[in-house]
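When the chains are written out, they are named A, B, C, D and E in that same order, and each has its own residue count from 1.
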């Protein structure tokens, strides 16, 4: 193949036809309350890790829901599992359990980490 | 010559059993972890060994613990274990006296009556015959109870009992057969040779000689076979606990305890479980949330038969109630934790991002509120007020939301991550000039105490406040508020802080609740359970709350932000952290700056 | 804003007397297209259109890529209008889609901010001493072809049918973003379903392919393409379109924007060479034609006089489908009749 | 309203970490700091100016034009050299920008040099090499006086054009870009000259792309 | 020359409810309905949110009310002109007859937004794109199918079509679409349990009682997915489905997917009748709805003595609001006829 000095960009659009949504089903099976998430962001607002870094549980949860897993494993490493998020969730979502299970699932799928 | 083919099954069974036990115990004891081996070596030749022996006697034979909890159950175990033990001892004595040598064949004692048919003339023969029959009677009575328990456990005051594995069934049935068969065998022999005691003798009278001569051998065979089956099934059944518990008791007395990872000691604990099911009754998931099959006994069973599921490992509040109740004294939470712990990735350091702030001023105390406490600001305000009133100079380490202590991570099994957090915090704490670390969160407290190695002591604010009161640093107004105190799991069972809060609450009329101290209930908010969904969690909360507020106290006092958060939302009673109630009733000190009196404190109290 | 059905979006196109503004891109990459357009208008439609020697760029690309400030561009456009005024014309016909969008945008701004217009008039006067009148009508050449598509049809030697199968040719139409997306009301059929190319294709016997990424930009992106480092973005957008149209097996792509035309031609080459992917069955790529070239072909002009040889994706297979005879020897002959050395062959893209 | 129709069909949003909706948010927030970050950052340079956003916005806004406004500001206040993408404006000015005032064309066959445009392919190289023959065959008037495609644009018109650039500040704008780019070039330790061929800084901003994108 | 006490224009729920309450107070009512059937938009609805009550129950209830002796129904009677002389109101029908009454109640309701105006959504161009009304009808038939008579795998519901949209000149919120979308998605799931349902929204406005609960139910029990973002473009795929594009605004990423059905939750606009008559009597308000005298204190009165308003001819309203408003109007008219002072 020729090198013309640039490579053709990759799309970052979420394509729900191609995305693997079954993975999120596993989360729902383990943490049914996940369905109730309104993406209000209260969890992110109270998050201790958020206080030190750009860690954003709400967004990670959403991307996971949409089957976009790249880089999430590393993001999740930032969480300290302190569980404050669970206490502030106004829909009683067990956010902490979601983080925990996302970690486990991603590790089982061994989703490549950046480093 | 006292031999007959039917002794072979028994002898073979006994031999096999002996071999298996020796093999397993060897395997496990050699695979203790370094720490355990070390401590055992330290203590093996000390008074501790004597203590162990006496404990073996108390627990393995007399089962005092079970007896305490439930006399009938206790008697059942004692009659079986101790009765059988004595049966063996006296049997041996009798046989030796009879044979006139100490080295008579081992089966002679077991099948004595079959061989010793002529009139007994040896020393104490009559007494021994009586004792043997008496002991047999005792054992049979225990057996009867056991049978009833199987049929209807509630009669013996137990709510739940465990299901059986196939090995258990073999062992159990043969166990149940052994003594009735022995009774019948001896009785028939008596019918022919009238060599029985008051029990076997009198039953012997009733058996017609014709039937007896026809029945005798089959019965002795059956007796021997039942022994055989029991012995062979035992190592793979729950009854393994009978021999292994003895090993456990010795190791425990020598100071062994479950470490971070699985070791031989773990197997010994697992095999020492008698599956009595007492842990089921003590588990809130069971009686408050109607959730079965996850309790310690199931956890241990599944581990032993390699059918352990994620669900069982993780669906636990780690409140420690079961370990506290366990008659065998197994370290149930620690063992479960071992199965949660995950592989460490060498060379990986988590939480690079956390900024470590340091403080070099000359201050007395570092105050670490803890993540959860940031969700109950009134506790922080109260602590600030208390510090101010006692005129203590302190550094609020995690004022602008800090680094988690690491325990929540650890409890989910992320050991490495937890360790990294520990490093982060230790650096901050050890770098300061303070002489004491005070925290408001029992979780952090336990963590600081057990998982950190700090160069200053750590106190939970209950301890600290008590210290301040004793040293007259702060004074409390006497009030007539009625309060009930809830022992947080991590503070009570976790680190044994029971007296301090009660001393602090002296000048309130403190009500007593049924679930105090070691028996305290979990608020349901436990961080250690990443499975439990809100509904069940609230069931547990409500049940605990009902128990605690039976006496209608003015205020429910606790010492954990998590417990407080859980209970506050249950709104059954006013809920306060011990720091708040202290701060609210503190005798204000002239010198203390205005700021502390700003109503913001009370503002917060109302808002929450 | 009042409601309007897309069908009702209609722009008025002047009948005659056009002032033609050449397009930098079109005359550079598809030189023949502009010439054939002028020919068609003059000789076939018998209308008056002027090709002014004083023309210069509208500086639109500079403006959209952020190096030429607004006032400058406005004044440059003003000068173009001034030239038109001097030439005595009122109907402005910019050959370039960027220009078309730009002049519309400028006129619109002047309409909303008359003070701006005065300011620009001042600049123009100061710089060139010229005055200008607003054009009465701004139309794109493709509007003129569209308007006269029936008249032209009568004169056509060929139609958009596959002479082998007798079926209509499948045509993908691509409209330059700045043609319809800035001022949907200035074009036929609004931004979503512009009729201008569709009208030609259907009138001349072809079948329009409606595919998912039909409205997506070709990826030019002005500043994006202009630096090598960001051409990956530019190519990616075309690639997205190709992938989306591929299953429909189009016979060729028709565009009204010189930029789009060039890019959709060159990016097929780029993708083939760098990733080995082509979007037709014979690995020759999908030909991309300007509407002028198409009209010229159907009217029977010599493909090589139209400049089809400057396309990277070769058009011969298409010509054969359409039953247009052509002289292969004539392909690489220059103006002076000199036989030029053939271009070298790409690695993956068949020619 | 944050409905996101603009981002949905934005070509740049698909291939860059770019979100026109978010940019409008920042502008509406009037948060000085955030806006400055925009002017300093790469984001505003990602837009492709296709203005697809204009068609769709239910509020009749045009994120695309807001961005081009931000770009002009970023250059005027001299923040464009802060970002990798912003610095590229120098390359554009150097090529397209100067084409305009020097030749009267944004683009002309002679400007599209194959070595700067490898993607144009062999046929283009062929055209480029035989420009006059091929252009005139198609009826062009390659670099000659008079009217017609690719003709030479005479000095009268060029003079006017340049004058316009001077009067309207276009020229100053060019010089401004040059000046600040030179400063940056020094910081980046890349030599910079007035022409292109031996201009390290030019090739840097024209070609190099850091890994982050 | 036919005289009566009150003429009600519009035989929808508002008109009938008001007519009945007036009739019960011995007021003679003429009720004009331009269609040959009463109940207006109630004829479309299969069930009513938020309690899924069968709309036919409501219809038969209303039908009962129309049977009252004091009510005279004129079907197929569109109104052409309304004017007032010094004392009475004169209503001229399209057929040319003239009627006179002491008071007129305008209950001429709303019309749904014509989705063809949003060309990028491809309504009327791509078969799979349908309106909420058409979907409701499908549901009534008891079978939800793709235009190609297949079982749909994915259905998308798009809110705010023709509402909150400058481009079509409607800045206002139609108020009922959000909850209606929730209702429809649940109904879709009831008929086709394994269909994937997606709702696209900008804000979810669950203003009414039990709305939020229903919204939660749709997530918890019916697995309806909600994506915050407005669909920007619809185009056909080779396999006769629809590709839709939007931004997943909460993750700030463009998103596309293909669906079998795209249901446009079309908004509420003033009906022709409403805007025409409102203009005639000079009470035409915003977005050509009819304008009441005072939103808070006299919402059924108008600046014209004896000319009253009820229901959605004023603004988008939900069913319960409409009915309550109709009863209020009846009361107002009652006072007016009796001459009870303010």
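Please note the rule applied: contacts are C-beta pairs under 8 Å (C-beta built on N, C-alpha and C of every residue); 3 or more make two chains touch, one makes a residue touch a chain.
Everything numeric here is computed off the predicted structure, so don't read it as measured data.
Visitor: Assuming subunit C simply isn't there, give the groups of remaining chains that still touch in a chain of contacts.
Guide: Without subunit C, the chains stay as one piece.
Visitor: Where each step is a move between two chains that touch, what is the least number of such steps from subunit A to subunit C?
Guide: 1
Visitor: Please find the two chains that have the most C-beta pairs touching each other.
Guide: Top-ranked chain pair by contact count is C-D.
Visitor: Which chain's C-alpha centroid is most distant from that of subunit D?
Guide: Between subunit D and the rest, the longest centre separation is with B.
Visitor: Looking at mean CA positions, which chain is nearest the middle of everything shown?
Guide: So the chain sitting closest to the middle is A.
Visitor: Among all other chains, pick the one whose mean CA position is farthest from the mean CA position of subunit C.
Guide: B
Visitor: Compute the distance, rounded to whole Å, between the mean C-alpha positions of subunit B and subunit C.
Guide: That pair's centroid distance is 83 Å.
Visitor: Approximately how many whole Å separate the CA-defined centres of subunit C and subunit E?
Guide: From the centre of subunit C to the centre of subunit E is 46 Å.
Visitor: Take the average of all CA coordinates in subunit B, do the same for subunit E, and state the distance between these two points in whole angstrom.
Guide: That gives a centre separation of 66 Å.
Visitor: Report the inter-chain centroid distance for subunit B and subunit D in whole angstrom, where each centroid is the mean of the CA atoms.
Guide: Spacing between the chain centres: roughly 74 Å.
Visitor: Can you list the residues of subunit B that touch 2 or more other chains?
Guide: Correct list: empty.
Visitor: Which subunit E residues reach two or more other chains?
Guide: In subunit E, the residues touching two or more other chains are 120, 166-167, 228, 233, 248, 252, 254-255.
Visitor: Going by the contact rule already set, what residues in subunit D reach two or more other chains?
Guide: Those would be 9, 14-16, 55, 60, 119, 207, 209.
Visitor: Which pairs of chains touch one another in this structure?
Guide: Chains touch in the following pairs: A-B, A-C, A-D, A-E, C-D, C-E, D-E.
Visitor: Spell out the residues on subunit A that touch subunit B in their complex, using ranges where they run on.
Guide: So the residues of subunit A in touch with subunit B come to 30-33, 46, 48, 51-53, 77-78, 80-84, 87-88, 92, 94, 96-97, 100-101.
Visitor: Mind pulling up the subunit C residues that touch subunit D in the complex?
Guide: Contact set of subunit C toward subunit D: 1, 22, 24-25, 27-28, 31-32, 34-36, 39, 51-57, 59-72, 74-76, 79, 101, 123-124, 126-128, 130, 177-178, 180-182, 184, 191-192, 215-217, 219-224, 226-237, 240, 266-267, 269-270, 273, 304-307, 309-312, 333-336, 338, 340-346.
Visitor: Over in the complex, which subunit D residues touch subunit C? Could you list them?
Guide: Residues 9, 11-12, 14-16, 45-52, 54-55, 60, 68, 71-72, 75, 85, 88-89, 91-93, 95-97, 100, 104-109, 111-112, 116, 119-127, 130, 132-140, 146-151, 153-154, 156-158, 160-161, 163-170, 173-174, 177, 205-209 of subunit D touch subunit C in their complex.
Visitor: Provide the residue numbers of subunit C that touch subunit E in the complex, in ascending order.
Guide: Interface residues on subunit C, with respect to subunit E: 1-6, 190-193, 210-215, 247-248.
Visitor: Taking the complex as given, what residues does subunit D use to touch subunit E?
Guide: 1-10, 13-14, 19, 21-22, 55-60
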